[in-house]
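In what comes next, chain A is part of two complexes: it sits with chain B in the first one and with chain C in the second one.
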Partner chain A sequence: MGAHLARRYGGGADTEPDPLAMPTFPVDLGLPEREPRTMVATAQQLSDGRVPLAQRDFCAHHLLRLMRCRRDAFPSLWQCQHLRHQWDSCEHQDYVMRMKEFERERRLLQRQKRIREREAAVAAE
Partner chain B sequence: MAAAAGRGGVLWRQAASWLRATRAAVAAPSGARAASGLTKDQLPGPYPRTAEERAAAAKKYNMRVEDYQPYPDDGFGYGDYPMLPNKSLHERDPWYQWDQPDVRRNWGEPMHWDFDMYIRNRVDTSPTPVPWHTMRNHFLIFLGTMLVMFALGEIYPSYRPVGPKQYPFNDLYLEKGGDPNKEPPVVTHYKI
Partner chain C sequence: METALVLNSFMLLTLLILFTPIILPPLLNIQNTPQSIPKTIKTAFLISLIPTIIFLHSEMESITTYWEWQLTQNFKIPIYLKMDLYSMTFFPIALFVTWSILEFSTWYMAWEPFISKFFTFLLIFLIAMLTLPIANNMFLLFIGWEGVGIMSFLLIGWWQGRAEANTAALQAMIYNRIGDICLILSMAWLASTLNSWEIQQTIQPNQTPILPLLGLILAATGKSAQFGLHPWLPGAMEGPTPVSALLHSSTMVVAAIFLLIRTHPILSSNKLALTTCLCLGALSTLFAATCAFTQNDIKKIIAFSTSSQLGLMMVTIGLDLPQLAFLHISTHAFFKAMLFLCSGLIIHGLNGEQDIRKMGCLQKTLPMTTSYLTISNLALMGTPFLAGFYSKDPIIENLNTSYINTWALLLTLLATSFTATYSLRMTLLVQTGHTRSPTITPINENTSSAILPIIRLAFGSIMAGLLISSLILPTKTPPMTMPAITKTAAIIVTILGIILALELSNMTHTLTPPKQNPLMNFSSSLSYFNPLTHRTNPTILLHSGQKIATHLTDMAWYKKMGPEGLANLHLIMSKTLTTLHTGLIKSYLGSFTLTILIMILMTPK
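Here is the complex of A and B:
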């Protein structure tokens, strides 16, 4: 857990991404034909369902189904475990995408550093 | 009841005499008098100038002449009232059989000027179990360490190696209170 922090604060800040300033590279660099993420639930549906703002992400359609099931099955809330699992695994995939974004940013920064050093070595000759 | 009253009030007379006897048993001793019963020379007076005045004041306050020390005569109006050590009643022996146990005082003992401040519900001048400078140093070390650690946490925050969370609808522009008449800044997120 601490390796990236040690690198960032311990002198490797040129190759460690800053999560507050991401992304710094063009979106399709190295990934041609990149598709945008699709949002299934509409903003009106999320507003009608009074979903908290922090949960109105790209998995919110699973959350809406889960909320409807919980409202219908109350008080036996354990009946909605299948929908709960679907929402949880969607959130998990979303988190994995965040990790991939971070790693892509990091590798692009390292590549940028390699290019810079190679050009500096060429210019020094 | 009507029959007893008709026989000359015997029961009433018996009750009255019983009451008088009970009250006499718990009455104040003959030497006691109310605070309103003091004469002029028993009240506090002006600052004592001569040795005889000091002796008379010490006797008035039930103190020895060696122990009697009035407040300095600097215009604050203490007069000849004795200056007793500024110790609260917490420091007096709790196990001794005081005449008045709640204020830990014996009858006739001179009262401190700030007696009502030094009662056991209020100011406590008891010595601390640990020297004052030790306590102060320990507290300052703890406070300094905590402040330094929190400052470091602000300068070098800790985070997971993940990118920021992505939200739809231009990062929830309208939901966060954006102006519906203006064009929102377009934000698109991509699959990876």
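Here is the complex of A and C:
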């Protein structure tokens, strides 16, 4: 929130990425060995487990394991704490990855802006 | 298959048990006793735990249709019950809180001659309230909605001999009615556009128009005493303390938030509606917290505290987190009911005194009650690992980490700080310092029917948050990662509020109070909202009505269109003609002669 406010009012708003319109650059720009992310849990497994739609993400396989453990260990749900930690940890890593993508997008926009300014300066000469 | 059958059967059994004190006495020609209804609710609570445990284990939701009312060929209204997370969790909580409050009422209202009637009213209210979460269509929800409104009116005005109680009941009814009309408008839109009142069928892939959603939000504004339709909630404290504890803190006022939780799929499709909820909630929570600063009636402080927490729930709806709003409803029910019961015990012990300036040093005379009052205040502030922490802290964390309106965020943080301030002010004035109450008062906390319910609610205020949040998996992933300052923002603003309260308390011992303070006047007059709206609007309307009713007919038909109108017309004509007459006869004769000569000359021969 602080970074967002500072960039909005303190400068840098023109190179602020729009989260709803990402990515605007090719995903393998500068990262040739990059492969697309794949979900571990299949759609059928998620549907059978009745996982809420908002939670069918890249960490859903951990959630499925957690739900199964909770069903089997009921009522002693504390036995599934290690699986809850794994799910939370996966969500944290997913968040870090998304923030890194956001930062990559910002740096690419800044690079694009520098290239355009350099070209404009050369054209003006 | 069997799980669903067992679930439905036990839920129906719970509801049936609640109906027995109403149906059986006229059939069997017996009378209800003050003990029978609390025992009935206790039984219903214990039975409701069975389907809740089954649901938490199997996570199997169930929708059951019992009977269908065919209005037209295409429009049917079934008795449609939904057993999902919200209804399964709310049932035992509402029954537990009601059981505790009714057991407390056997002591608090022991001198009341119509105590059985009072308990029957509370039971009817409870049945209407439980209809709300279990309803799967708007019709059944509306029945519950109106039921709680009617019982609120009857219970606030329980002491009919008091003019203030009658006024407060009428005020509550009128403010709620504004919201009810908006709810009816939304239901009319749903029926005409989607041809259904079932909540599942209202979910559509396109954005829902703002009009029905505004109707739902306004209905919630009325029922939950959000800013604009809020004056009825402090006024409702004219009713007995058990009524305030049950209706105006734990159950009825959260019905509106429940409506928004049930309809959140259509609400979340419209960003404007969510922003409206967010801003309205933020304004309500800060306004109510500001008003609570300068109140001296202990029940009014708790009422404004309730209003502030309802604003926080509205903020959570605005963040599109219905499950978190429901968690806050659940934890809030425990510590708010306990706050009211403790205040009731104090009021009774001081022979009806409600002014906190005339209390003091009660932790020596009522050690248990004041301890539980402190626990509930700490839970309200969001002290780590009490019930309020598990709902309030995630709300503040989500607020801080979301991409939203900074104004709403600042208002909510300020309100969180003020919550700590007015809670500590109440604690300091009631529990500490010198005794300011008369020495001969019937103070005692030896009655088990008064203390045991408070102990049960204290257990809930400590454990409920941990239990509910560990039993239920979140439907939306909570924010995992944030800077330390964001994570600790809630506790930091709470500590700042506590420091503010301690500083102000120290200052009051040393400084002389100013004669007039505009800020304090603003807060203690509740921002002049009541006189401005309660006098201006009715005055304008009644004056206009009087003019239309008495003057318009006479003015129009007998004066303007009749003799006076004709006379006025003549007057205008004669005045105009009079000015034309200048009295110059020679000029008139000359002009006549000239005209005749010209006519003669121009006539062809």
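Rule of thumb we're sticking to: the second predicted complex is superposed on the first by the 117 of 125 C-alpha atoms of A that agree within 3 Å, B and C clash if a C-alpha of one lies under 4 Å from a C-alpha of the other, contacts with A are read in each partner's own complex, and residues count from 1 in each chain.
FYI, a residue touches a chain if its C-beta (ideal position, glycine included) is under 8 Å from a C-beta of that chain, and two chains touch if they have at least 3 such contacts.
Small disclaimer: the values here were computed from a predicted structure and weren't measured.
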item: First (chain B), second (chain C), both or neither touched by A:43; value: first
item: Which of chain B and chain C A:95 touches, first, second, both or neither; value: both
item: Touching partner for A:123 - first (chain B), second (chain C), both, neither; value: neither
item: Partner chain in contact with A:35 - chain B first, chain C second, else both or neither; value: first
item: Partner chain in contact with A:27 - chain B first, chain C second, else both or neither; value: first
item: Which of chain B and chain C A:19 touches, first, second, both or neither; value: both
item: Residue contacts with chain A in the superposition, chain B compared against chain C; value: B
item: On chain A, positions contacted by chain B and by chain C; value: 1, 4-5, 19, 57, 95
item: Of all residues in chain C, those that touch chain A in their complex; value: 53, 56-59, 400-401, 403, 406, 409, 470-471, 473, 475-477, 479-481, 483, 486
item: List of chain A residues in touch with chain C within their complex; value: 1-2, 4-5, 19, 50, 52, 54-55, 57, 63, 66-67, 70-71, 74-75, 77-78, 88, 91-92, 95-96
item: Partner chain B, residues of chain A touching it in the complex; value: 1, 4-5, 9, 17, 19-20, 22-23, 27, 31, 34-37, 39, 43, 46-47, 53, 56-58, 94-95, 97-105
item: Parts of chain B lying in touch with chain A, wherever the complex brings them together; value: 156, 158-169, 172, 174-176, 188-192
